[in-house]
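First up is the structure itself, then whatever we jot down about it.
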């Protein structure tokens, strides 16, 4: 639970998604009509009502420290240097130029001319610097500062009114700046305040915010994309649980349900007034096997666990079939991903023999998880492990405990990361610079390869480095990655601009969504 | 049998009235009588005789579960039982008024006196305008002896004394000027002086307004000065009816005679005879005469058919195959003066006793009890007599003063007394229904003190329990029963038995007969006298001077916590010194 | 010892009331203290909950310091109490918005819900209770009672889930299955959204009150004063409304107070199920998020509300009971009353 | 003797029968279940079919098997909670009712304070504080119940203690323990028993409510309350997974309630109280 909304939704781990489809798609109940509407030309006007699940966290509006629904609200309020492509690569947004130097030890970023904030102030380099300094300010205590922890706050430089230079600490290199800065690097004016003056350059400006209930926005006329956004007003309504939101969607109380449960897919598909959009994301879900704790200090045990996981069943039961199996490696969309590594089979026999070799015939381990959807996969996995004679006790702890001081001490714990490139994903998991490393995987060769890749802007050269790193992960890593989950979004057939993508946030592209109003 | 009703086609005529419980069990049946304007009829019977059922049936009302199934009630020319709905509602109140037993519960606590009176007037078409209504109201209040000012009308029932409350009930009945008033034991809850005043008021009103009245009572003495005629009920039947003088001088029915013989009289000590057995419950009545099993003149014929009420020409009726025709002989007893003048170490002496709760209830009370005597403590409600008894028993709280028992200091709390002392002083409570643990059998209740005080258990205990049950005239089989299957009198006997098992020297009896019928009371008093003869010392708390005369050697009169007079019974009752004692005596109902 | 010669000029119940008010506030204070200490004992740390799994340790320590979580509990409590007394309930750890601002609207919604339930339940229970009492032992009474027992026994949240299920079925959309409220519109225009939560809560509250009214009515109907009034020829309708009901109302008022207390708890579940934006959802969320200022504030509000409800109920009881209203010393209320003396030290008036 | 008297009341018999039925299901269920309670044997949220009468749940467990295995925890937890509350509450209530003013005031006041706080919220707070181990939940629920028992016990005890038969015992100088156990306790047993039945009803409701909010028993244990929680998401797809346990919880609550009502009614009829 404490994982909070951000992670769950962002990672999509809690959400259900597309019945084993490799290809996602918007699947309307009234297929023909729905398709016709979706392919139509965007219409302006109306109030677009998005239903999100915020669990119990009401969250805030902070661009750099978004919690709870704050992440989604940030998509409406703030624009960044880059934005995501549907294939999880990045493209320029506010920036018109953003390039690293040859060893990726510095980035130069220049924004487009004539951009404005919601309150009319022109965006300048000072605002860019302010935003970066604020994000990395230790006093702000942003949970996401760690992602860009390499940035040297003292070495930020304004080159001209629209250009800044970012350098990294101690001559480090940091190639994946775009992927790490894109999510929480909202550009805000120097007079920004998340409570009294929450302005940015996003497609919508705030009209009212009722924490834990809803927020209302009006169209930002000077949005940097001409003609966008389409709707006059945007309303983000927060729900506590999926059932009530589905009820609201069906009753027409909301237009879009962002991230619906797989359990409801059949129901939603059957409703001719609704369409279901299945995005085959590359967010992974899996388990961290803690190398710092026996028996996982033994690579044979790790490999045995990876072999005894029936990935197909995990996808079917843990994700309700909405996902694809994985090969203990993340970021398959990344051009550097090594597709040559063979898919690990489900092999109980070999798993048993490995365990025997390791002297672990009567193994008992504890899988610690937070309450909530992650439990399902854990329960399925525990059941599978029984067949190999391993008893997995599933223990639920409070989110705060889970992420507390003990967070690197759990023997087995669920792990998942949103769809990101290899380098950024590693930062969440087993990279040497990782924010935290639940599997405690530390391999000199792997670390060396990762550091080299960070400093290698050249794709082909980086590919070689990553392929070797992935080989290491596959052979002796601490992650059991069994699947990639789909993200399901449901919407009224009146909603246009919602299309499946490999990311988890098809329904958060508020500048693309539009409302066909009769 | 209808001779009388034909002579006097008066205000009320009742014919063959029958009230049943489910299953065709009759509560009352075969009731026929009539009443002339201004006549007051006393309806007398013990608990369970059906007198209250009859009283309310006169207003076409039966309590929940019961049903009036037959007969007629005519008030004037209205056939009351055939009325329904609105017509019945109007007849109630305007034709017949009703005064309930306990004014404290019969007045709605949430409504003001004025509201009740006005509402009653408004509920009936009186043809009076506002002015006249107000006039009527004031008149009525004056009539019943209540203040008629505005402030009084704005009072709530709880702000009135018991006597005032009952006068309000009278006013509520009289304000509509009905032709008949039914009063159901209206003075039972009141002190004797208040009772006397209410009765006088009632009689005056009935006579001056020509209103007929049916006055229900369990106590013959109470109605003696009030009524013109008496009707005695037993087991749902009228067993005797006669004019007042005839009934009191020459009662015919054995039951009536039994009742009269059981009533202790303040005017003189007399022998009290209890009626053996107890009245049958509805549905358990024997074949033939219901009183048969208790009757000393019982013959085989009595068990064959129920004797009907035979009326003679003088309007006197009796339902008995062998009625008496002599006057009732009252055996007067000589005063017991044996203890007088004997100076001995008192068994108990109380000096300077003060008791205060939120207010002080006893002021500096001192008394002495000689061994073997019976000291009665008399007073009206609020006199502090129970507090005195409880303080002596060691149950009182907030008491100060000195107690001496047989020359030894006696602590004020029972717990501080040593066991040897404790068993010698026993206390019997007023309410026999709460004096016994409902979860224990009689044997458990009785054997406990044996084990506690004397360590007697098992067979010897059983023997002693059997013996004591015999002593209080209960069958041995009672031992296995729980209290709820015993009658009030039986429970009180068990309570006495429990006290006796402790081998007491001093027995404190707190109004122990006030919850019982007179015939039962007589038997209990008889038992106590027996015990007294065996040497038991008694402290007898009561409000009834008749009982005092019957049982006590000496009497102490309490008034609002102070001793106003004490002395030998006959001295005090025949030659009262204090004004208060005199008033009490004047107002105490007597059979003479 | 002796009663005062002159009755006091102010009614006795006033001083009683003031005493009870003080007692209620004391209760609220004690609860706030207990809850404060208890929430400090929560095994987790709000800073971690807020920042989520990705937060580095430095961020957490910084936030802890900013929130004052690193100070001694007593000091934190005193600081909190001080600002509460100045009307400041603090800032939500979760949304960083002032607690009072968040709660204000939610409190209104919950109040609307409870008022709605009371509006439905009190007349409903009175009418039903009176009707059943007047038809005592009829088939209507027997079936009515059985139904009430069934409703009483069924856990309230099951009823609510059933309603949501029912109303999210096709063709059942004449009432919204969940109650998301639009703060732009006045509540009066969204009454439809209130229907189901009010209905669900009413179903759980109805049995207790109805049975209480029924029992009180039956008792009053069989009382001597009603029989006496009937025998005076007072009309049945008048007896019911003027004689019986005022007396049956007194226990009913205590019943309503008790019902409200349980309703507040029931509202937590009902609000969660119907997504109703009230205090209940806020509390559930705050507990999950370890949002201490929110928990504190909500608990305080609820406690004060309960204290107030009890106080009002007692006051109404006193005012509606002439005997107590006019008494020189009010000593009714069994609850909170100091003293029925222990039995071996019990005072007794003269019998 | 009491039991026979209670059973004379038809309502008691009906309640006992219903309660017994659910208890039997809960006790024997695990042996009758066609599958293990954690075996994943069917499709996720599969609809009821030939051999799975109630369909499958969120992970593909057989709902019927889980239902049959899941009663025990609710039952023992509610019985345990009610029993603890009864034991502790009665002790404290008697202590309050029969002891010196100070202690009485303190206990009564503490009960009042906790009664000023809605029980479910109290339980929520404590459970979120202390965790969700079953015995902790039981303890917590019982803590919520205790003030009510204290007040009931105290009121009944004071009423009984005021009766003359207790004074008589006191005057005889019987020991306090004897007075307590022989004179007072038997006479307050009936209201306490009725209250116990009510606590069972509330306990079942509260425990399942807790589970529903996610504070109950931890999976994969089969538990009726938990089943409602974990299958909520499928409510609109496979309602049986939620409805079946809900119905059983409701039936059990109904049974215990009727039982309590019946006992109360039979006692009232026999005039236990007025005695």
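Letters A, B, C and D mark the chains as written, and numbering starts fresh at 1 in each.
We adopt the following convention: contacts are C-beta pairs under 8 Å (C-beta built on N, C-alpha and C of every residue); 3 or more make two chains touch, one makes a residue touch a chain.
For each chain, UniProt lists the protein as follows: A = ABC transporter substrate-binding protein; B = ABC-type dipeptide transporter; C, D = Peptide ABC transporter permease.
All figures in this text were calculated on a predicted structure; none of them were measured in a lab.
Taking the mean of C-alpha positions as each chain's centre, the chain lying farthest from the centre of chain D is B. Core chain by CA centroid proximity to the global CA centroid: C. Work out the mean CA point of chain A and of chain B, and you get 90 Å between them. Chain B and chain D have centres, each the mean of its CA atoms, that are 49 Å apart. Computed centre separation for the pair chain A/chain C is 43 angstrom, with centres defined by C-alpha atoms. Shared interface positions of chain A, i.e. residues touching 2 or more other chains, are given as 1, 241, 243, 246-247, 398. Under the contact definition stated at the top, the residues of chain D that touch 2 or more other chains are 128, 131, 166-167, 170, 232, 235-236.
The set of chain B residues touching two or more other chains comprises 415.
The list of touching chain pairs reads A-C, A-D, B-C, B-D, C-D. Residues 1-4, 6-7, 55-60, 62, 67-68, 138-139, 141-147, 149, 194-195, 208-214, 216, 237, 239-241, 243-248, 250-254, 398-404, 407, 428, 435-436 of chain A are the ones touching chain C in the complex. Note for the complex: chain D touches chain C at residues 97-101, 104-105, 108-109, 112-113, 115-121, 124-126, 128-131, 151, 155, 158, 161-162, 166-167, 170, 201, 204-206, 208-209, 212-213, 228, 232, 235-236, 239, 242, 246, 249-250, 253-254, 256-258, 261.
Partner chain D is touched in their complex by these residues of chain C: 24, 27-28, 30-31, 35, 38-39, 41-43, 149-150, 152-158, 161-162, 164-165, 168, 261-262, 264-266, 268-269, 272, 283-284, 287-288, 295, 299, 302-303, 306-307, 310, 334-336, 338-346. Residues 56, 59, 61, 63-64, 89-94, 97-98, 100-102, 105-112, 119-120, 123-124, 156, 158-159, 169, 172-173, 176, 356-361, 381-387, 390, 396-398, 415, 430, 510-511 of chain B touch chain C in their complex. Residues 38-40, 43-45, 58-60, 128, 131-132, 214, 218-220, 232-237 of chain D are the ones that touch chain A when the two sit in their complex.
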